[in-house]
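Got some structures for you, see below.
In the two complexes below, chain A is the common chain; its partner is chain B in one and chain C in the other.
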Partner chain A sequence: MSSLKPFSKLPALNTANILLVESEEQLQQSLAAALVEEASVTVNVRLAKSLPLPVENEESRPRIDLVVFIINLTSELSFQSAEASLKYLDPGYFLGKVCFMVTNARSASVPTERLDGVRKLAASLHCPLLFAEDQTSDGVTNATERLLTMLKVAAGLVPMATALYLSHLTRCTVPPDIDQPSFD
Partner chain B sequence: MAAQQNLAGPSDSDTSSVSDQSVSSRSVNRSLRVAEKERRKNKASDPYVVALKYFSDVEAGTPVYGNDEVENNMVLVEKVAYSKGLSPEAISVMLEFGMSLRMGTSLCARVLKCLIPASVVPQEAVVRAVVWLGVGKLPISTQVLFIKWVLTIFDLIDAKDQLRAIYGFIFSFVTDENLCPFICHLLYLLTRKESVRVFRVRKLLELQSKLGRQPFLLHLLSLYKVFCPELVTLSIPSRMKSGFRNHNSTWKSALTGVQKRNGSQVALSNNPAFTIKDKTNSRKRKHYHLELPALSSVVNKEAQTEPSSSRKLLPLVQLHSFAQLLENMHRIELPAQMGSLLGSSLPLQYLDFVQDESALLRLNFWLGYALHEEFLFCGDGGALQTSEEALQFLNKLLSTQHFLQEGFSSSEAFLYKFLAVWDGSLLRPQILGLLSNVPVVPSSQIGRLLFEPLMQLFFTSSMFFKCGLMECLNNMLLKWLTWHSVYALEDDLDISLNSHTSINMTLSGFKDSVMELVDFAGRLSSVGLQLEGCHSLFLSFVLDFYETVCDMFLKYGLPLVVMPPPGVFYPAMCATDPVSVDRLAYIMYRYKVNLTSAKSQEKLTEQAFHISRETFREFNQYLVVMVNCLWNSKMFQPGMGVQLEEELLLKSNVPQYWTSFDLIHHPAFMSYAVDFHQKCWPGTKDMDLNSIKNSKPWSWYLEYLFTQGYDGLKQFVQSNINWQLTAGDKRGDSRSTQQT
Partner chain C sequence: MDDSARRLLQRLIRRIPAQMLKTTLEKWGRLTAAQKQSMDFTEPKWAFTERLLDICEDNGWTGKHITELEMTYVIENPNQGMWYAFQLMDPEDDARSVELTHFKEQFKSHLSELARPVSVKIKKHADDAIWIRIAWGDSFSRPNHLKPTYVVHHLQTPYVFVTSLTSKQKPFLSQALVLSTRHQAIKDASLSGRKLGAIRDLLMRQYQQVFPTSYPSPLAERNGTVSNPQIEKEQAKSAENRLQMACEAFGDGMLPQLQSSVYKLETKFKDHTNKTMTEREEPFRCVVKFASTNLLESLRHCASSGIASTPVTPLLSSIPLKGRNYFVIKDNGPGPSSQTRQTQN
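The block that comes next holds the complex of A and B.
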């Protein structure tokens, strides 16, 4: 088992590489299609169902600047798969080069515990947690824009900003449940 | 428009004839009757009619098993119910058949499940069914099912007066542990001031001690407390869990289907509100909540028939003018559905006048429920179909809040939850609009409720979101400051914000909240400017915000002055567009006016407040920097905010680097200087901008700049720089106000 390392390869000029990990492969495709449209930099999108990545492509694979775990909240499996994949990432990635993207968070069929679980996971790893509306094209466009914002920083394309700096500003925190009645 | 027609209704009909139903439901009934008659004519031998007849006539005790007739008829009714919905008469027949248990309990549940109304549900049928509940033969699960059904179709019941009349009877079921949550919900919907009695309060408190602080009990008790505060001494938590979650998706989806299929037919005969909005008729039951119900109210029957009754109530729907409202202020009957208030201005004026806590509580309850259902607890793919309706609903809510000039507490609570799962683009203008209406948040909670989710969204989103959020924060601050200036009580420095919810806040608490908000916006703008490369569009929104901040003392009477962080000041001063520099100059000018007047007032009254030395120091430093840069050509001098090593500056090979940010060489004004030079000395080949610095051309140059519309710069120069033309070569020095 090989783990993905953030700095094992040299970056290419004006290029950003993003890896989308989603066990259900629903949002991946549309996101990837929208991401490569970006004109100002060359964006390479790599897709995976889960980690670890196969060893045979190791050589040709570019340096990955941002790893995105897409979790569909309506499926327990999706969450578990993302959780299991995490251990194949080099710790260096957790300095701002990992983020979680959650879909279907507003659905009635999602148990609140699962969302809390994802929050806790993201908070414990100091990663940002993004929410996406995958049902509408506007939602996908917006999700793409947000990923690009983070990707550009993570790939070092934004002057005076680093991935660690951005993730320090955006990382997820576990909120004390605001549902709880406060008897004050 | 339909609502207006509806409102105009009573005037041409005979108003003196006492009716027990509102006009709208009367016309509904009429059109239904016509439709029913037609149907009967067409399908006299319709098997469905036969089936209904069977159910109304069937003898008690007829066996169910092996009885093909029941099965066939049942299937027929179900088919109609799921495709077109049942008419009011059919509902009555089937409900009576089911609840009377004429053919056992198994069929009862099945009947209940298929009771999908095509239009309205007759009140009498519901009342009769409730009576059957009391007979006590129904299994508990069926009882729950029935109450759930009533809750689901509550809005469709044609009148509620008789249901209110049996309030006590319904209340008696509250002791049943299984039914309690549902009964509480039903009671909540039915409760009026007359129904609050000591013994009922006592019963509920007793239940609470037995069951614990259940949200459904608390909600009912809080309503009781609003009606009769003297009877309920319990303290109700300010922020409660959304109490009644009794939605039933199977009925709702069935209703959705039925209403969609019946489309225009139902929409026309059912409810005038249905035709107001759009003509697509893709109405879904689930989204019925998003429809503002028509303004109709259930007239109290006794109050009209008995002349002896002391107070005659006048439903809001019968009011047509403001004068009428004023005359009848004391005897207004609120509509059955508080949501209908959102649409029309007259009831809102009433609401604003009387400050009726119970009305507001009911409205809040309805609103909180609707918002939660539609935006946080969607069915599958909810976002897709609702977008248009959701948009209209939120716009309506926004315009209501603008009308009342304050937010609803339920929309506030909803926002805090919604922000935590927001993607930043869904309904952005509406959400940001609602957000800017949020009343003052205590400083202890503001970070958790607002800042954390907003920060995550801000830094991962596009620049346009960043601009939108800055604008929203600016509006929020403006509203808070306006509230302060309106509600602040002079004597004890205590302000009560938000007249309806009576949040009391001390002045220092309010100042802390404002401070937090300004600091937060300062952090966002510093880092945002850095990440966006000082984009001038974003900078303009940031300067908007600080234009509000710099005038807090003079315009809104809040004794607080907060300077912008260096991350905002320097990018604005070195901006490449003259407008930003001009606005910064204006802001600094306003800061000076505010600080001087605060200073003089402090001397005058000897107490009031104290602006810290630190603020004055910061202001003076900014002022010195600005004057030195723009006027004295002394950039990068030691002791200023921006310092660079001498060697580094020499290495840059910029000639006379210290002049590079004065009014002539500043990247924002260079083009004006060149233009001025050409106008001043036409025909000179070699352009020497430094020649403008001589006394005379300099004053002309300034005049020239001021005529270009840079009023901020003009005010800044006039108030801060002691400069006379006669002073010859020595141009005025900085006269930074020494106020410390």
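The block that comes next holds the complex of A and C.
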């Protein structure tokens, strides 16, 4: 099966490439529009609904520096689609080049098991877990800034910092009592 | 003006929302300019009704004029209550040449013969639709104007749209329609909705349709919005395919607003993990209902976003294709088989 490889292509000058994977294809559009406005670095955004990516784009696709899985907590399908897509990533990506972004965490209709499941998944893969608010433009701006910070490091544009080093600091950890019933 | 006309007017004014009173009275066209000036549209409705009643007394108007006002209001605001579609079958040779005056005479005379006493009012609307208002009576009472039936028919089309019809009144209306339009039968089209315009557009295909094409370039021209070269969709082709198939099944642009679709299943239970249910001989009866403010729009979105698999299943695509939203599904046929619906009430 075709998996996405992190270092099989050459990087471009002052460029960072990010892949946003989202089953609903909603937040990725507004994030993309905000990301390309970054002035100091040329940001190329690739949007996908799920992995694997089509083989036809293999040649034209640049080296992907950061893969972001956007999961909508109100939908079980979203979580399952993200989980299923993980198989198509080369293990090299999990050294700081993958990040999970979660929306609607505050919604009352979300079962706590789902957020716990995402936490455990992110922790087992040593990836950071970001929470985003997608209904307002401020929320999208905040999420964009955080992604840009990680993206610049992952693309090697920040001196003295590598993706692996950053992920050591930002990766998701699971509290030891995560399986205990919580107070509601 | 007698009591029943008075009550009818009170009910009617109560029913019309305050902001529409002025325009409705304007369209009715019976008030003179002076009378219109004297009406105060900001006063409470009961006071307004009293004033209107006085004017009606002065002019010597009767229940007939009030029903005319009601008909004006309903024609302008038809989206209240449920409309049901019927289809006329087996036209005679001269069905195509039925014209308005002939239809009016025939309908009135047939209906009066069948359901005496009955009060019928027929009006032709600007867009060639014939509106019929029927107040039914029986051998003990005069026609009840508080619960009229409204019928809309376009001549030379086989479709009739009806609202507020009881099962007792249905055979009379059916017979009168069949005879006056020179057809041999009428059947239930299994289509109902709150918006008259929507079910009419659906049946007469008055929405933008998309036909299958080997060259999907027309859709590519439409997506002119994503122009930033730095943003690229990886799976654009499969998204386009899904959108094309969704539009082929449901249509493009604005779609007629249906509120629900109902599937009545009478099929055998099939689940390998549940032996007790699968072994039963009788079919498993179950009703599945999809409801939405704009059902066709929701279904099209389901198909284009991948939630419903494409190509769109005939169960869903039959809604616009056959123009119906009630299906009875039995085991014998591969797709939904058509059955006549139970009468309402």
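Here is the rule we use: the second predicted complex is superposed on the first by the 175 of 184 C-alpha atoms of A that agree within 3 Å, B and C clash if a C-alpha of one lies under 4 Å from a C-alpha of the other, contacts with A are read in each partner's own complex, and residues count from 1 in each chain.
Quick note on the criterion: contacts are C-beta pairs under 8 Å (C-beta built on N, C-alpha and C of every residue); 3 or more make two chains touch, one makes a residue touch a chain.
All figures in this text were calculated on a predicted structure; none of them were measured in a lab.
K.L.:
In the superposition on chain A, see if there is space for chain B and chain C together, and answer fit or clash.
P.N.:
fit
K.L.:
Report for A:A108: first if it touches chain B alone, second if chain C alone, otherwise both or neither.
P.N.:
It touches chain B, and chain C stays clear.
K.L.:
Could you say whether A:A33 touches chain B, chain C, both of them, or neither, answering first, second, both or neither?
P.N.:
Only chain C; A:A33 stays clear of chain B.
K.L.:
Comparing chain C with chain B, which touches more residues belonging to chain A?
P.N.:
B
K.L.:
After the superposition on chain A, what angle is formed at the C-alpha centre of chain A by the C-alpha centres of chain B and chain C, rounded to the nearest 10 degrees?
P.N.:
Computed from the C-alpha centres, it is 90 degrees.
K.L.:
Between chain B and chain C, whom does A:V43 touch in the aligned arrangement: first, second, both, or neither?
P.N.:
Touch partner of A:V43: chain C, not chain B.
K.L.:
Considering only the touch criterion stated at the top, classify A:P91 as touching first (chain B), second (chain C), both, or neither.
P.N.:
A:P91 sits against neither chain B nor chain C.
K.L.:
On the overlay, how many Å separate the closest CA atoms of chain B and chain C?
P.N.:
In this superposition, no C-alpha atom of chain B lies closer than 9 Å to one of chain C.
K.L.:
Which parts of chain A are touched by chain B and by chain C alike?
P.N.:
In the superposed arrangement, which is not itself an observed complex, chain A uses no residue for both chain B and chain C.
K.L.:
Which residues of chain B touch chain A once you look at their complex with the stated criterion?
P.N.:
Checking each residue of chain B against chain A gives 213, 215, 218, 237-241, 249, 375-384, 387, 416-417, 420-426, 448-449, 452, 455-456, 459-462, 527, 530-531, 533.
K.L.:
What part of chain A is in contact with chain B in the complex they form?
P.N.:
Answer in residue numbers: 105-109, 115, 128-133, 135-136, 138-139, 141-143, 145-146, 149-150, 153, 158-161, 166, 169-173, 175-176, 178-184.
K.L.:
Within the complex, which stretch of chain C touches chain A?
P.N.:
That would be residues 228, 230-235, 237-239, 305-307 of chain C.
K.L.:
Of all residues in chain A, which touch chain C in the complex?
P.N.:
By the definition above, chain A touches chain C via 19, 24-25, 32-33, 36, 42-50, 53-54, 56-57, 61, 77.
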